[in-house]
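Have a look at these structures, which come just after this line.
Next, two complexes with subunit A in common: one pairs it with subunit B, the other with subunit C.
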Partner chain A sequence: MTESAKQLVLVVEDEPAQAELLRYNLEKNGWRVVCVDSGDDALLMYRETMPDLVILDWMLPHLSGIEVCSEIRKNENGAHVPILMLTARGQEEDRLRGIDVGADDFIVKPYSVADLMERVARNLIVN
Partner chain B sequence: MARTHLGTRIRENRKSKNLSQKDLASLAGISASYLNLIEHNRRSIAGKTLIALAKGLGIDAQTLSEGMDTSLIDRVKRSGLKMRGFAIETDRSAEFAARFPGFARLIARLQDQVDQQEQQLTALADQMHHDPFFAEAMHLMLSNITTIRSTAEILANETDVPIDVARRFMDNLRDEANRLSTTVSDVLEHFEPSSETQSMTQGTLSFEALLEQNNHFLTDLEYKTTSADALIENTDGDSADRDKLRASINSYVDMAHRLPIDPFMEQAKQVGYDPLVLAQMLNTDISSICFRLAHMPTDADVPKFGLLQCDGSGAVLYRKQLSTFNLPRFGGACALWPVYRCMSQTGQPVSAFLDMPTGERFYTFSISYPVAPPQIGMPAQNESIMLFTANYELLANANFAALPQLAVGLQCTVCPRPNCTARRDAYLLGKS
Partner chain C sequence: MKKSVKSILNGLVVPILIVDGKMRISYMNAASMAHFTNAKADMLMSDIIENQRCLTATKRVLDGDPETQVEVTLQGVVPTSFRVNVAPMTVEAEKDALHAILSFEDISHIREAEQMRHDFVANVSHELRSPLTALVGFIETLQGPAKGDAVAAERFLGMMERESDRMARLIDDLLSLSKLQARERDAPSAVVDIADVINDIVVSLGGSNEHLRERIKVSIVKGETKVIGDKNELGQVFQNLIENAIKYSPDGSDVVVTACAAEKSDEHICVCVTDQGDGIDPVHIPRLTERFYRIDKGRSRAIGGTGLGLAIVKHILIHHRGSLKIKSKLGEGSTFSVYLPAAQTA
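And now, the complex of A and B:
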């Protein structure tokens, strides 16, 4: 498979070590990866690259993951792109809020890499 | 001690003996419909009828007439129900309390202590759940743990990790472990109770706990089916705590008396829960209206309001939190909240949307008002109040689009907003 034919994953994570880990694991599993560390950059990068899937941290400085998710769904031609939210908030009300703004899946920290990769693969196949 | 009406006692005794109204009426030689009126305290009885009913119930007429402390029986019964696996005859609690009143009081007292400790645990758990610093610290710790776990998984299980990547991962492990230990230390420091904090929390905690257990609506006080004294009766704590609790409950009773909930709900709905219109309509002060709006029964069609009341120094006098809008107990909240800004404009209401860093949006209504008559040479004594809700779609306000939208936080230590001119403390969790 050529590099450009691989599916592209946009990672929005402000913790550098987390972002590096996600990049390492995603690339190892055969996907292309772009990482940004803020909600504002996420929207810019989304417009620029139109990724096949977005991994979005809930807690971001300035623009939150919820706001980014909502914005992608409403204004960025992102009605169908799978969005996986990384969150430390496992409560039902938080989950419902995420679903309300259009998140497809939730990965609650601390998660296992294998589980995360499986969910990325599943969402990409479904899409 | 709380004693029930005679009719209610008859009903309770009848039910505890599994008798129908028809059965007991027949035993006592009266009609079932007459017994029904008696049980609902609509007919007073004495003499022959009382003796006949007592006989039908198999208890002494005097005991039935004078009644037993039902709260004692309830507490004995509850104690038995909580002790599962012991086959306790809870259906005979009334009989037990009557035969062994001393033991019954002992059991009730022990049960009260258990209940009180459970309430304290619940209040503490709730405090931790609503503490913005703790919530943010937990998020950070879980992020640290995720990174450590995932990095360790790779280093332990994969043999083909390039050496430069492996080195970086090792550095990450060290850094994340350091950050984790720093955050844990911060959390421990945060929960180290000062003596001042402990003494301040006791009285207000019990009222807050009482309100939270009842969804901030004390039905029995609203409809006068119990008194403030009855509510306070079983509360432990020293006299100062009980006095504080009594004062808080009396304020609630006063509000419920001045603004009865049923007509208020109808009027509030008609005017879209607008505090200013309601204050004019009901000819009362705006702070009472705000308190009333914050203490309404929970319903899908009714906006859920939170409330913050401060004195002129910004100290918190009263707070009602929402699950997504946590309020500090001792001040130190975001200086951009309109509840503080409106203090410079007494009597001038301020409406604004607050946008939180987490993406939540709240409609707020704030106003400052005098609490003491003006005196020459003395500073004005004002308080301010902020009413807030996330259910603003249920409010009537044609000017929503014109309202300011303020990017705020909860408090600096947990707020990641960069370049905030109102920041007075650093963001403690290392993400700004």
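And now, the complex of A and C:
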């Protein structure tokens, strides 16, 4: 926990309740959290804070999750940051497109918070 | 081909094409000419239909296979989905030589309806999944990581209440819509005074909120605005329109409700709800009555919208044989005008 305590997670989620849920749980696990509710803000915040991991909602207004993901990957500092995408059940094509643009993991809504936290931890350690 | 047979075929709205054993076009009816505008007699079928499945099916029938059907999308004047029936036929005048007769049933509207249903189901599940995800997550959090955290519990419960309200509202609106669609065929017949409907709405919207009630300026003369309609449904129409006018305009600005005989026709009454709000970009106007269409999703959700309000309005007005007109200018406000059949006053 001591090392991960310094690590920063960027949450991109336009549903305020879900953003709040993620924030509470991530902080409880000792990570620092910044939340934004749009793709445009995600890119700005990414450059500004250089997070250690990104949790990215697929369905965002304007810039979609997939566009944000590929933009972050193009960014020279963003080639290796772990990106976890939140998607809807049964959207297999989405998953394939997500892998294409370089997402590391997919979490299906509604998700188990404990499972999501485990995946965050695993991706942070691998990195 | 006999003249009478030709005139029968020309009377059909279904495009019909007859090809000979070498797949040359030997006959097209009028509907077929209208669809395949570049076709001439004696052309090869492949000159006007590039679709390989359609050509193969025709070839097989000419080789002795039984009647068959293929579904294809053809790039005519507009791309159209057809179910093509390919049947063998013999032509007496040509010593009973085997031909194929193709008839093209336009199934675009069926495909479109399927697509719409598919999109609708996808939208509904998305709209339900969001609050559900929050609820499931908060329950898990309250049972685990937040156990004993009274402050968090208080806050989460408030959010859970809002999310479950949202699900309930969504389900109510969906049921409302589906009931309306089932009733659309039979127009209402009761006489309703719009003035009464609007006054009831203003009272229930304003409630004890004096400030809100002040914002709604109604200038409708009772007795002069009788329409043929269903009181509850019309209540829903004006509740939605007035609520929108309030929601999408600055606090304190006026919302004006007026009624008059429609221009150029005394058979309709026009009721207008005018606000001094954000206004609407013209690109959005044609789509506003689509289910779940919202210009600013975050804003609509923050004020508790499902995005079904105007879709419900539209269907109620179809039921009433009325209509809705939207006029708006960005930054200056909007006017939603409802046209309803006037009750005969005599």
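Methods note: the second predicted complex is superposed on the first by the 119 of 127 C-alpha atoms of A that agree within 3 Å, B and C clash if a C-alpha of one lies under 4 Å from a C-alpha of the other, contacts with A are read in each partner's own complex, and residues count from 1 in each chain.
One rule holds in what follows: a residue touches a chain if its C-beta (ideal position, glycine included) is under 8 Å from a C-beta of that chain, and two chains touch if they have at least 3 such contacts.
Fair warning: this is a prediction, and the values are worked out from it, not measured in the lab.
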item: Touching partner for A:P110 - first (subunit B), second (subunit C), both, neither; value: both
item: Partner chain(s) touched by A:I66 [first = subunit B, second = subunit C, both, neither]; value: first
item: Subunit B versus subunit C as contact partner of A:Y24, first or second or both or neither; value: both
item: First, second, both or neither for A:D37, with subunit B first and subunit C second; value: second
item: Touched partner set for A:D14, first subunit B, second subunit C, both or neither; value: both
item: Touching both subunit B and subunit C, residues of subunit A; value: 14-15, 17-18, 20-21, 24-25, 59, 61, 88-89, 109-113
item: Of all residues in subunit B, those that touch subunit A in their complex; value: 136, 138-139, 142-143, 145-147, 149-151, 153-154, 165, 168-169, 172, 175-176, 323-324, 357-360, 416-418, 431-432
item: Of all residues in subunit A, those that touch subunit C in their complex; value: 14-18, 20-21, 24-25, 28, 37, 59, 61, 88-89, 109-114
item: Touch list for subunit A against partner subunit B, complex; value: 14-15, 17-18, 20-21, 24-25, 58-62, 64-67, 70, 88-89, 93, 109-113
item: Touching residues (chain side subunit C, partner subunit A) in the complex; value: 125-126, 129-134, 136-138, 140-141, 144-146, 152, 155-156, 159, 162-163, 296-298, 301-302
